[in-house]
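As written, the chains take the letters A, B, C and D, and residue 1 is the first residue of each chain.
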Amino acid sequence: MNDDTPSCDLTDRAVFATWTQDSVRYRDLDPNGHVNNGAINEFFEDGRVHFRRETMAGLGDAVLTGFAVGSFSARYRAALHHPATVEIGTVVIRIGNASFTLGQGVFDGDRCIATAEVVSVFFDPESGRSRPLTDEVRRALESALRR
Amino acid sequence: MNDDTPSCDLTDRAVFATWTQDSVRYRDLDPNGHVNNGAINEFFEDGRVHFRRETMAGLGDAVLTGFAVGSFSARYRAALHHPATVEIGTVVIRIGNASFTLGQGVFDGDRCIATAEVVSVFFDPESGRSRPLTDEVRRALESALRR
Amino acid sequence: MNDDTPSCDLTDRAVFATWTQDSVRYRDLDPNGHVNNGAINEFFEDGRVHFRRETMAGLGDAVLTGFAVGSFSARYRAALHHPATVEIGTVVIRIGNASFTLGQGVFDGDRCIATAEVVSVFFDPESGRSRPLTDEVRRALESALRR
Amino acid sequence: MNDDTPSCDLTDRAVFATWTQDSVRYRDLDPNGHVNNGAINEFFEDGRVHFRRETMAGLGDAVLTGFAVGSFSARYRAALHHPATVEIGTVVIRIGNASFTLGQGVFDGDRCIATAEVVSVFFDPESGRSRPLTDEVRRALESALRR
């Protein structure tokens, strides 16, 4: 997916810049008794919303709502059960011209349940068109760039 | 719940004024392999959204978005499986001063899966306060009142 | 709903016997920016699952999985936003022959977001038919009966 | 993702082997009034469940339940609104030793809303370990391989 990006081990909790939590719900379970991947995708989404609030506070609503997920790529690594509290780590792994890529991991304690790479596209809410990242967005992203 | 209302058999398809459909999703299943009640509640919500669009077209967005569910009372009557297409029937069973009550049924063919009575409260989106039903809303509701 | 039951103020945190927590997800929001009632219904479900685990531990899987929701009646009292952590309180308000009624409340701090009364029916998982509560189930329920 | 695989244009309805449908629900909408990507992921899941039922009927429950999603990669291409009925197309794009890759598209009429590539891993439900595709599974997959 990101052939120009040095690899980043998203199963390693140490790589992430921001963290949030979610509780597993009974409704997340599917017929085999595991948490459905759809719920895990919701955890990833919460990690991204939290990331934007934490790194872009003060940039205004136009910035906070001016991103859309262009592509989402997840790897499901272990089964998750109910009840549980998961932790979601998020880090910037690439900053492009009009988009950036986040790396994410969902953890149940030390167990990595799933990892994801997500490309967010920056757009103008009025026109709906993609636009270059502003300098202040770029600086905010750099503050959460993995080392 | 509605002691002043003559009873209405919501398991009888003949009582409903408007109908819509929904498809059951794999994600709706819970660990016992049945559709979770939460999904059935989503079908009821779709029936209400469809009801408003069908009976209140032309009354404007302020009316369409000016209702909130005050209370929801459901009876779950039969198990539902995947895949299936359900039909949701909706009818007005009581018109109050600032609210109205809908009767609803979710059906899988002839089988009644669940029934519900739902009180919707009319409010002013700007102030967030309850307000009396307008004459045009009242007329729209009367057109879908059960006989 | 429960005309033979002395009233119980479910907006009062002091009445509940067991408590659990859930985190609000971004996915729970609907177009008006509030948490959708469907998500609140999922919080109530988690409260019931937790209640069974806490009060019926040791009674075996046949008991834990031998209940189905017969009816669900909720009142939505205040808007809920994201992010938030909600607390769900649950208490037994009536013990019948083959069923029992739980009272529930969802709270965001001191604010009561919604209350519910839920009738759970006890059944035999093999035959699928309703059956009388056993003595051990009855004792477990009595331990969580509101005073 | 699949560098050894000749490319396949998943925005082209002509490439798919099986089709199913889903209805969009009001609950799928998020605060910006669009269908949330999580709902689109549920449509993809329904496409895969339908695919297995259609291509592997007669292979037995052990086969039907013996797959897990190892990785999921989606590209979100256009906004989807409510109400709508979407069609989900699915096709085999690669058959490996112990896994296979499906290509999928979600369409609202002629508009392609999203595409996905999904690697399903074949495993033994008893041990939980990955195992080679059986000959009958391989034949079933070949019948749905894109041309």
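Here are some notes:
Criterion: a contact is a pair of C-beta atoms (placed from the backbone, for glycine too) under 8 Å apart; a residue touches a chain by one contact, two chains touch by 3 or more.
Remember, predicted model here, so these are calculated numbers, not experimental data.
Common partners of subunit A and subunit D, by the touch rule above, are B, C.
Set side by side, the interfaces C-D and B-D show unequal numbers of C-beta pairs in contact, with more at B-D. Of all the chains, the one whose CA centre sits at the greatest distance from that of subunit A is B.
With centres taken as mean Cα positions, subunit C sits 23 Å from subunit B. In this assembly, the C-alpha centroid of subunit B lies 33 Å from the C-alpha centroid of subunit D. Measuring from the averaged C-alpha position of subunit C to that of subunit D gives a distance of 36 Å. Counting partners per residue, subunit A has 26-27, 32, 36, 38, 42, 45 as the residues that reach two or more other chains. Interface residues of subunit C, counted against subunit A in their complex, comprise 20-23, 25-27, 42, 45-46, 49-50, 82-83. The touching residues of subunit B, when paired with subunit A in their complex, are 26-27, 29-33, 36, 38.
Within the complex, the subunit D residues that touch subunit A are 1, 32, 36-38, 41-42, 45, 65, 68-76.
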